[in-house]
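Dropping the structures in below, format is structure tokens.
The two complexes that follow have chain A in common; it is paired with chain B in the first and with chain C in the second.
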Partner chain A sequence: MSVAGLEFALIILILVSAVITAMLRDTLASIIVFGAYSLGMAMLWVVFRAPDVGLTEAVVGAGVMTPLLLLAITKLGREDVERVFAKIRWGPLLGVSVLVVLLLLTVPALPEVGDPDSPTNTHVAPYYIENAYEETGFVNIVTAILVGYRGLDTFGEVTVVFAALVSVLAVLRREELI
Partner chain B sequence: MTLTTTALMASAIILAAVGIIALYRATVGPTTQDRVVALNVVGTHAVLVIALLAAVFETHEIIDIAIVYGLLNFLLAIAIAKFSMDRGEVL
Partner chain C sequence: MKRRPYRESVIVYTTVRLLAPFVLAFGLFITLHGATSPGGGFQGGAIMAAVFFMLAFAFGFHTTRGWMGEAPVKWLVGGGLALFGLMALASLALEGSFLDYHPYEALTGIGVKYWGEIVEVAIGLVVSGGLVGLFFLVWGGMDPEEPGPGSEGPVPEEGEAS
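The block that comes next holds the complex of A and B.
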């Protein structure tokens, strides 16, 4: 009985709930199972020793997403369905399966987690540590990397957050922020 | 790993596995109430698994996540119950 056993059980829970979320035809049932998916993800983040990500997953995944999706279906309406599960279309399933197998084939080529000789740890990281303070003038190296070297990337993230805010306000039908 | 941590880990694995059984009830239903209770069961298991992991890893920061989940579980059940009661009001 080790961490690997718990990881296995949690991954099964997450995979099953993800597939059921996609397959259920009733939107309310789908939202409820999606809540279970989010709970499983948060447990997995804690197993991976990332409590900050686990906390974010708890608050955003379970706390914000479920009420927001419920609000969305109150606006959209929820149709009555006779079938519990959607019909499986075999063509797209085959295509996706082939893609998954092809992507999994590349996994053994990845460097080990925390390997000091991997390309991510030998090229960019030492450069940042040596030159970040002189080149950017920031007092914090994390801020220098996020806003300076990866500025365009961060700008894209801000755009995504802005789009999310606009959609939340549209769902809530609030004109001004309180 | 000592005997205590092994026992704690084993209970965490069993709780996670029982969560899969609760997922069956959340899927099949047939009523919304069944699904909400099943989701609450999975949520309670999440709180327990995270608390057990805090004991295994001997860190206290993880306990905070368990507390947040205890609160959110309540919020989730209330939100879904309000939705299924009067159709149109969630918050």
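The block that comes next holds the complex of A and C.
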């Protein structure tokens, strides 16, 4: 199968699982289909040659979010549902469709994927590509940028993880984690 | 629908016991190998946290909580952040810039790459500890029938007749 065909198949998988996730009435079934959606996204990132993002999507989307959501529904309890899919409400669907069409209209204005003259590829990216290995010794340029050139951003992200945990503790009014 | 009580499943139990060491090793590999292959602290840390989720689902909440205890999560999250901060700040003492790893190379002769790896490990610690902590908070945090060891159950609203 050609790469374009594979991309097409994955995009179909993602779109179908996303719609089913939104439509299913049973929360457990919805969570399972959401896992399939994450898997499709992860595979698409790998096809787009972004294995770091693909790995993150697979781990966080399918590996971490699914258990957390499952845990949440064991707390909430499941309702008996008489119908598999929710009723479609046409008003909101029309509104969302208009928004999607408007956003899709802007897509042709974006530079082509991999265009060497696009703004993202003409500022700092050439410097990173030319100097990352010599300056950091990292073969994986993503890591070189993550902990080297953009180390301050990463420091901020890690602080956000820390702050998230502390704020959940504060919201639940607990002083112990476990 | 009534919530069904938790029952141990032999299939889940056995699969988790077989898989857990390998998944943990994969998480460590991803964390430590971020410099040369896809991955790094964020992904590796999340995989290591997922191992813990697997164990918790297979062996039950109380057993896993008993193994883990409170302290490791605190030390993972706080220690990881402190390690990252130390790596960022110690450079200033060696007349480098904030988050610059080159002074360490000049001081010790060990390549910049390995100092960056320490930062990756620090990220992995914070992410794995943070996710495990959130998992336990979601699990035990809001259930009045199953309060954590330090909680006094739900806090009553002020002025509520009791």
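In the analysis below, the second predicted complex is superposed on the first by the 113 of 178 C-alpha atoms of A that agree within 3 Å, B and C clash if a C-alpha of one lies under 4 Å from a C-alpha of the other, contacts with A are read in each partner's own complex, and residues count from 1 in each chain.
Just so we're on the same page, contacts are C-beta pairs under 8 Å (C-beta built on N, C-alpha and C of every residue); 3 or more make two chains touch, one makes a residue touch a chain.
As the structure is a computational prediction, the values presented were derived from the model and not from experiment.
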> Looking at the overlay, does A:L39 come into contact with chain B only (first), chain C only (second), both, or neither?
Replying inline: first
> Which partner does A:V59 contact after superposing on A: first (chain B), second (chain C), both, neither?
Replying inline: both
>> Tell me the contact category for A:I141 with respect to chain B and chain C: first, second, both or neither.
In response: neither
>> Let me test your reading of the model: by the given contact rule, A:P67 touches which partner, first (chain B), second (chain C), both or neither?
In response: both
>> Per the contact definition in the header, classify A:S2: touching chain B only (first), chain C only (second), both, or neither.
In response: first
> Regarding the shared-chain residue A:A18, is it in contact with chain B (first), chain C (second), both, or neither?
Replying inline: neither
> Who wins on chain A residues touched, chain B or chain C?
Replying inline: C
> After superposition on the shared chain, which partner residues are touched by A:P51: those of chain B (first), chain C (second), both, or neither?
Replying inline: both
> Hey, what residues of chain A end up touching chain B and chain C alike?
Replying inline: 51, 54-55, 59, 63, 67, 71, 74
> What residues on chain A touch chain C, complex-wise?
Replying inline: 51-52, 54-56, 59-60, 63-64, 67-68, 71-72, 74-75, 77-80, 135-140, 142-144, 146-148, 151-152, 154-155, 157-159, 161-162, 164-165, 168-169, 172-178
> Which of the residues in chain C end up touching chain A in this complex?
Replying inline: 1-3, 30, 34-43, 46-47, 49-50, 53, 57, 65, 68-70, 73-74, 77-78, 80-81, 84-85, 88, 98-99, 101, 111-113, 116, 119-120, 122-123, 126-127, 129-131, 133-143, 148-151, 155
>> If we count contacts the way the header does, which residues on chain A are in touch with chain B in the complex?
In response: 1-3, 5-6, 9-10, 12-13, 16-17, 20, 24, 28-29, 32-33, 35-36, 39-40, 42-43, 46-47, 49, 51, 54-55, 58-59, 62-63, 66-67, 70-71, 74, 84
>> Give the list of chain B residues in touch with chain A in this complex.
In response: 1, 6, 9-10, 12-13, 16-17, 19-20, 22-23, 26-29, 32, 35-36, 38-39, 42-43, 45-46, 49-50, 53, 57, 59, 61-62, 64-65, 68-69, 72-73, 75-76, 79-80, 83-84, 87-91
